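Input: structures, listed below.
You will see two complexes here that share chain A, one where it goes with chain B and one where it goes with chain C.
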Partner chain A sequence: MIHIALQKKLTAVQGDILLDINIDIDQGDLITIYGDSGAGKTSILKMMAGLLQADKGCIICNRNTWLDTEKGICLKPQQRKIGFVFQDYALFPNMTVKENLFYALEKRQSKKIIDELIDIIELGDLQDRKPQKLSGGQKQRVALARALVRKPEILMLDEPLSALDNKMRAKLQDYILKVHKQYNLTTLLISHEISEVIKMSDIVCIIENGKIVKQGSPIGIFTTKQVSGKFQFSGEIVHIEKEDVIYIVTILIGTNFVKTIAEATEIQTMSIGDKVIVASKAFNPLIQKVN
Partner chain B sequence: MNSFKGKIADIKTNGSLSLITIQVESVLFTTIVIETPDTASYLKQGNSVTIIFKETEVIISKGIDQPSISIQNKTVGEILDIKKGALLSTLTIDTTIGKIIAVVTSDSIDQLQLYVGEKITTMIKATEIMLSK
Partner chain C sequence: MDWQPLLLTFKLALITTLLLLLISIPIAYWLAYTKSKIKPILETLVSMPLVLPPTVLGFYLLVAFSPSNTFGGWLNDYLGIRLIFSFKGLVFASILYSLPFMVHPIQAGFSKVSSSIIEASYVLGKSKTTTLFKILLPNIKPSVLTGIILAFAHTIGEFGVVLMIGGNMPGKTKVASIAIYDEVEALNYDVANWYSLVLFGITFSILLIVYLVNGGYLKRFWR
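== the complex of A and B ==
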């Protein structure tokens, strides 16, 4: 169990806000913090990591107190068992992939973990390359591996996938889920993408102006409020085409395109770029095995 | 999509499925959902819900005599408008519960010889109706 209670006055573009949160996270959960920029998401991770001072607060991670402002306890960043991945990869450009990983190794720590991570995150073919010879997705895989070298209790990901294209993003999501499960990590993710939140997280916290306004399972928070249909996805309208007396609407869901029919009166309320929920009843879709 | 406000009149649950009866005006609609009053708090007798179904799922039968058919949801009405396309056509029907829009093949309109002002029965399968709070 991880208990996080933090208060801090933040200066944002739209004026001062008071960040005031109180969350309990179960060990092994993947929890997403979702909200507009300037809502205080990154500040929460930085305070967790000890990179930003809280005005008042308490962080207890698996019975170890990392922060208790009333008792004057505040562990240094290196004493907190965390792995951090940022949007910009922050790799050492003059070192190879393997050297980047070795650099994160603690004194007297077994080197076995490096080979293990290279294996899990499939960096074998890349291990002797320098970062400049890597694609964005590959760099982020290295950054993910490096964040795990010290076997953290909490993995923190600050919009790690926002600079990647959809295909790469889906692949990285799978790697993150894989290590999250394999190392029984408690993972905190910041994300702007509803489809990503739904795919990745056990719990989502929606943060507005420094406060958590909603918390729960992502499906419950983002979807079932609207319709009872169990075959339900969120996506974005990319194309609308008139066909006879009806319209064919193409919707991008993750990396897949689906087409659905809409009627003239519905189309008046829809335009390209709109975020939509596509729903059908669980009784309709066919399931067929692929060979 | 067609949507109508109603009140939950009855709930039958078995395992994780529930058969919900919703009263819309004077007509009772039935839908089956993978929810129970335990998993969805809005499933409570007397609660207001909206029933939703797609235009392409509306079935048309000539006349207002109740046909003997497995479709549970039926409401009678009068055709207000027919927009005919090459393959598909849109029907606007004034029914007991309000205007229902149906999209059917143009061939079926020809075969049934449907016309504006005709009295017909609209039908929707219980597996095609979704609920919204």
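== the complex of A and C ==
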């Protein structure tokens, strides 16, 4: 059980915002923080890691107090058992993949974990390469493995997949889920991709202007109206066109464009750029084999 | 031609560079990462030798270390250290004089290292010292090399400070640049020319090596 209550004044592009959040995470949960850029997501992780000072707050991780501003407790990043995967990977350029992992070992810690991680995250072929010779997805896998060497009490991932293409992204999502289950981790993920949130997380916190506006299971949160859909995809409206009495709405789902129709009353609430869910009941789906 | 001034020059440059390296890494580290308000003052002090005539520095050192003055007298009487007209004094003055040439490149190197790499090391439970030696310094090797070479070359080229505090004592403080001046005064142009050529050749090669190494030319050549 991890209790997080943090307050900090942040200076963002749009002006000052007060970050004020309160989250409780159960052991073994994968929780996502979802929100626009500049909403304070990364700051939350940095404060959790002790890399950024909170103005006020407390963090209690499995009965250990990491931060309590009232009692004047603030553990250094080195003393908090966290795994942190940075947005820009942050691999050490002077070390090979294997050396990067070895660097993370604690004194007297068994080296077995490294072979195990190399195995699980399939880094065998890459272990003697320097980070400069790796692709984005490979770097991210190394960063993930390195974050796990110390067996952290909480794994934090700061938009780890935002720079990757969709195929690579799906593969890495699977790696993250795999280690999350295998090591019974408590994981905190930052994402601004709805499909990713729905696929990955047990709980999502939606953050706007520094405050958590909604919290709960991703499906419940993102489908405001209850739809008993059999197919359900989230996407973004890219185009709306009037055709006689109806409207044709083009929606980008992943990398695919889908055209669907909407009535005039529905269109009033929609505009280009809106995040929507496309759902269908399984009356007559067409299934076709593709090679 | 007497080789002693040249040997003395290189001995001075070598010792100065080694000591400077030890001193400059902590200073550069502090300057690169501090948020302290006195940073501009320290930065200015470090950079002063760049703009100050070397004779000014030499003059004040001479006054400060003179055994007839309080501080110099104390050094002389209690610690038995005499910094004027001695090799030790030359080393001390050279360190001050070449400080910016070592500190600036290393400081610039530290500032260029991405902060997330440093944070990644802390988050992995590594102390600041471990991070400095295992992560920071290995990743700014070109900057450290530049600092070493610039400080070395600059010490070879110094004249004013050395003349003020060291004088012109053969084997002790008569370095090449002073020997050249000496020979010209005595109208021995041939000897002066030889010293000058040797200095020119050596400093040229040193700087060339830096540019070759930092530009990656040597690596390409070896591959």
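Operating definition for what follows: the second predicted complex is superposed on the first by the 236 of 291 C-alpha atoms of A that agree within 3 Å, B and C clash if a C-alpha of one lies under 4 Å from a C-alpha of the other, contacts with A are read in each partner's own complex, and residues count from 1 in each chain.
Keep in mind that, in the parts below, contacts are C-beta pairs under 8 Å (C-beta built on N, C-alpha and C of every residue); 3 or more make two chains touch, one makes a residue touch a chain.
All values reported here derive from a predicted model rather than from experimental measurement.
Using the contact criterion defined above for the overlaid structures, shared-chain residue A:244 touches chain B, although it does not reach chain C. Contacts of A:54 after superposition: neither chain B nor chain C is touched. Of the two partner chains placed by the overlay, neither chain B nor chain C lies in contact with A:134.
Of the two partner chains placed by the overlay, only chain C lies in contact with A:92; chain B stays clear of it.
Here chain A touches chain C in the complex through residues 49, 51, 76-80, 82-84, 86-88, 90-94, 103-104, 106, 146, 149-150, going by the rule given at the top. In the complex of the two chains, the chain A residues touching chain B come out as 224-230, 244-246, 261, 263-266, 279, 281-284. Looking at the complex, you find that chain C touches chain A at residues 114, 116-117, 119-127, 134-135, 138-139. Chain B makes touch with chain A in their complex at residues 1, 32-35, 40, 52, 54-56, 83-90, 101, 103, 127-128, 130-133.
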